[in-house]
Amino acid sequence: MEIPLVEIAQFLGCEIEGDKNAVISGVAALDKAQCGDLSFYVHQRYTNQIKQSKATAFIISAKDKEQFTSCTVIISPNPYRDFAKVISKWFNTFIPPDPNVHPTTIIGNNVEIGENCSIGAYCVIEDGVKVGLNTILFPFCYIGKNTVLGDNCILHPRVTLLDRVIVGNRVIFHSGSVVGGDGFGFAPDPPEGYFKIPQIGWVEIADDVEIQCNATIDRGMLGATRIGRGSKIDNLVQIAHNVEIGEHSVIVSQVGISGSSKVGNWVTLAGQVGLVGHIKIGNGTTVTAQSGVAKSIPPNMVVTGSPAQPIAKNRRALAEMNRISVLRKKIAELENRLSSLEQPDK
Amino acid sequence: MEIPLVEIAQFLGCEIEGDKNAVISGVAALDKAQCGDLSFYVHQRYTNQIKQSKATAFIISAKDKEQFTSCTVIISPNPYRDFAKVISKWFNTFIPPDPNVHPTTIIGNNVEIGENCSIGAYCVIEDGVKVGLNTILFPFCYIGKNTVLGDNCILHPRVTLLDRVIVGNRVIFHSGSVVGGDGFGFAPDPPEGYFKIPQIGWVEIADDVEIQCNATIDRGMLGATRIGRGSKIDNLVQIAHNVEIGEHSVIVSQVGISGSSKVGNWVTLAGQVGLVGHIKIGNGTTVTAQSGVAKSIPPNMVVTGSPAQPIAKNRRALAEMNRISVLRKKIAELENRLSSLEQPDK
Amino acid sequence: MEIPLVEIAQFLGCEIEGDKNAVISGVAALDKAQCGDLSFYVHQRYTNQIKQSKATAFIISAKDKEQFTSCTVIISPNPYRDFAKVISKWFNTFIPPDPNVHPTTIIGNNVEIGENCSIGAYCVIEDGVKVGLNTILFPFCYIGKNTVLGDNCILHPRVTLLDRVIVGNRVIFHSGSVVGGDGFGFAPDPPEGYFKIPQIGWVEIADDVEIQCNATIDRGMLGATRIGRGSKIDNLVQIAHNVEIGEHSVIVSQVGISGSSKVGNWVTLAGQVGLVGHIKIGNGTTVTAQSGVAKSIPPNMVVTGSPAQPIAKNRRALAEMNRISVLRKKIAELENRLSSLEQPDK
C-alpha cells in the first residue's frame, strides 16, 4: 500500500513540514523504520534514535521540531494518538470476520442477535441473551443466561461472560478473560468450615472498556461490580465483587482490587498493585507498580510503596534509611568526644 | 416472592424482635435495601448506615441490639452465615441445569457417569473418567484421563481438569481454572539448557473445596499436590507442584505458593502473598496481603511484610524507621552541646 | 515394569556402586520411596531423609558418596537431570495420542498440517496456519490466522495462539495459556478517554520453550515479542508487548514483565517479580522473589527488594534498619552522660 503523506496529514488535520510529495508504505518504531515508513516521536528516551532513523516521515509535536531539522514531519498536537489513528485507518492487521453465525454455535431460547453480527465456531449462547449490532464473537465464546452485549463489541476467542453481565457498546474482551464468576465470599462457620455466600449480584461494563487476556472480574455479592466508561483492564488483573471502577482508568497487569473498593476516574494502578477492600482511590490518582494500598487515597495523588504513601514522603523515608550508617558513625564520634571530656587525663 | 419473616426465623432457629408479621421479598446490603428487603449487620464499618437503612428487617447479633431499637430484627449467633443461608434457600440465582448429557459432548472409553448428572455442550471427557451423582459440568469443560469427580460437584463453563485429578464431593470449580498442569520442573543442564523433569504425580482435592476463576493448581512431580477439605482458592492463585494445603484454609486472589510448601488448617493467605518452596505455615496463621514468606511460620501467628515477620515486630520496625529523623535531630543537638563543653570559652 | 539397574546405568553412561543386580520398578522422592524404587539426592535439605529411605537405589553425585555407604548408588555428574532422564524413558505418564485429526476440528483455508500430527476434538485452526511434523494439539486449541507451529510441539487442552504467532520446534504450551493477545497500548486523548493503539506486531517463540498454564504473552505493537530458545515461562506470568527474553531463562510464576523490556540469557526471575518497561536484565542475573526492578541490571548479579538492589547491599540495609533501636539507646545514654558533664553538681 502506498499512501501520499498529504493524504495522511489531511486525515489528521495536521500540517506537513518538509517533503510534501513523500509517500508512505508502512509504519515502524524509530529504530526499526525503513525507507517508506512513517514513524513518531514522543519521548526523550528515544532522542538518540532520531538521527539514525531511516523513516521517510515522522509525526511529532511542534516543540520537538528542532530535533527534526532536514526531516519530513507532520506536526501534531498528540503524536502518539495520531500515529495510532494512521495505523487504525491504513495498517491495521485486525480484519473483522464477515457477518455470519457459524453452524456449530449453540444458541438458547429467547436469544436476540442484532444485525450484522459475526458469531464464530463453537460458541455457546445461553437463554435470554441479547447481542447488539455488528458485534463479533470469535470461536469458543461462552455467553451466560440473560447477559446483554451492546453494539460493535469484539469478543476474541475464548471469552467467558457468565450470567447477567451487562455490557455497553464498543467493548473489547480478550482471550481467556472471565467476567461474572462468583465473588470470593464465605462466612466462617467453625468448626464446620466456611459457609458459601451465594453471589447473586451482577456485572456492568460501560462503553469503550477493554479487558485483556485472562483477567477476572467477579459478579457482585448483592448488586453490581462496575467498570466505568473507557476504562482499560490489562492481562491477569483481578477485580473482586462489588468493586466499582470509574471512567478512563487504567488498571495494569496483575493488579488485584479487593471487594467493594472504589476507583475513581482517570486513575492509574500500575502493574501488580494491590488494593484492600472497602477503600476509595480518588480521581486522577496514580499508584506506582507493586504498591499495596491499605487506606483510601485522595484525588490527584501519586502514591507508592507497601503500605502506599505519597511519593515524596516515600522518597524522604528511603533517604532517611540510607542515612542510618551516617548516624551510626556520628554517634561513635560523639562517644569518643564525650569520653575524652569525661576522662580528660587519659 | 413473599416470605413471612417468621418462616425465615424458624428456618434459622432464631428469634424475631419487633414486627412478627413482617414479610420479606428480597435481600440487600444496608445502604441499598428497600422496603421489603432483609438485610444484615456484622461490622462497625457500617454503623452509620443503620439509621438510614430502609430494610424491613435485619439479621444481627444479640450484642448489637441497642443499635437497632425500633427495628425488626432476627437475633442470630452468626448473622453473616445466617444471611447467606437465607439467600441460599430463597434468593439464589444459581439454578442447576436439568440432568442431561448434551449430544455434543465427547465421551471416551470406560467412562462412568453417575445418576442425575448434567453435562453441558462441548465438553470433552477422556478415557477412564469417573463422575459421581448429581455433578454438573457446564459447557466447554475438559476432564482428562482417569480423573475422578465425586458427587454434587459443579464445574462452571470452561474448567480444565487434566489427567488423574482426584476430586471429592461438593467441590466447585469456576471458569478458567486449570488443575493438573505440569509442575515447573527443569534440571539445569548447561550449556544445552534445561532438561524437563516429567511431572508424573497427580492432584487430590478434598470435599467442599472451591476453586475460583483462572486459578492454577499443578500436579505433583512425584506424588500428589493436595487441597484439604473445605479450603477455598481465589481467582488467579498459583499452587505449585507438591504443595499441600490443609482444611478450611483461605487462599486469596493472586497468591503464589511455591513447590512442596505445606499450609496448615484454618490458615489465611491474603491477596498477592508469596510463599517460597519447602516451608510450612502452621495452623491458624494469617499472612497479610502482599507479604513474602521465606521461612516456616508457627501456628496461630499473624505475619506481615516481605520478608514476613510477626505483625507486632513489623509495626515496631516501621515505627523505628519513622523515628530516624528524630534521632538525626537529637544527634545534632548533642553535637552542639558537646561542642559547647569542649570549647567553653566560645 | 522391572528394569535392571545396570540397564539404567548404561543408559545414563554412569557407574553403579553397590548391588549391580538390583532391579527397579518405580521412582520416588527419598521419603516416599518403597522397596523397588529409584530415588535421587541433590540437596542437603534432605540429608536427614537418607538413612530412613527405603529406596532400592539412588542417583547421586560422587561428592555425596560418603553419605550413602552401604547403599546402592548410580554416580552421576548431574543426578537431578539423570533422574529426569530415567523418568522420561521408563516412567513417563504422558502418552502421546495417536496421529489423527478429530472430525470435530474445524480447519480453515490454506492450512498445512505435517505428517504424524494429532489434532484433538473441538480445535479451531484458522486460515493460513502451518503445523510441522509430529505436533500434538489436545482438545479445544485455537490457532489464529497465519500462525506457524514447528515440529514436535505439544499444545495441551485449551491453548490459544492468536494470529501470526511463529513457534519453533519442541515447544510445549500448557492449558489456558494465551499467546498473541493485543498489547496494552492506549494513547491518552483527554477529555475523550484513551485511543487504542492497534497492536499490529507478532510473537516469536524459539525452539524448546515451555509455557505453563494461564500465562499470557502479548503481541508486539510494532514488530515482535520474542521468547528465546529453551526459556521457560511458568503459570500466570505476564509478558507484555515487545518484550524480548533470551535463551534458557526461567520466568517463575506470576512474574510480570512490562513492555519493551529485554531479559538476557540464563536469567532467573523468581516468583511475583515485576519489571518496569524499557529496561535490560543482563545475562546470568537472578532477581529474587517479589522484587520490583525499576532500572536495568548488569549481567551476573543477584538483586532483591523493591526497588531491587544487589543482594549484599539489601542485606546491609536491612541490618542497618535492625540497628535503629540500638542507636536510639546509645543516643539516650550519650544524653545522660552529657547532662552529667553539663551539670556536674547534680
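As written, the chains take the letters A, B and C, and residue 1 is the first residue of each chain.
To be clear about the criterion, a residue touches a chain if its C-beta (ideal position, glycine included) is under 8 Å from a C-beta of that chain, and two chains touch if they have at least 3 such contacts.
If you want to know which protein each chain is, UniProt gives these names: A, B, C = UDP-3-O-acylglucosamine N-acyltransferase.
These numbers were taken from a predicted model, which means no experiment stands behind them.
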Fraction-based call for chain B against chain A, same above half, different below: different
Fitted rotation between chain A and its twin chain C in degrees, CA, nearest 5: 120
CA centroid of chain A to CA centroid of chain B, Å: 26
Interface hub residues of chain B, defined as touching at least two other chains: 122, 140, 158, 176, 214, 236, 254, 272, 306, 321, 324, 327, 331, 334, 338, 341
Residues of chain C touching chain A in the complex: 106, 122, 124, 140, 142, 144, 158, 160, 162-164, 176, 178, 181-182, 184-190, 192-198, 200, 214, 216, 218, 222-223, 236, 238, 240, 254, 256, 258, 272, 274, 276, 278, 292, 294, 306, 317, 320-321, 323-324, 327, 330-331, 334, 337-338, 341
Chain C residues within the chain B interface of the complex: 27-29, 32, 45, 78, 80-81, 83-85, 87-88, 91-94, 104, 120-122, 139-140, 156-158, 172, 174-176, 208, 210, 212-214, 229-230, 232, 234-236, 247-248, 250, 252-254, 266, 271-272, 289-290, 306, 321-322, 324-325, 327-328, 331, 334-335, 338, 341-342
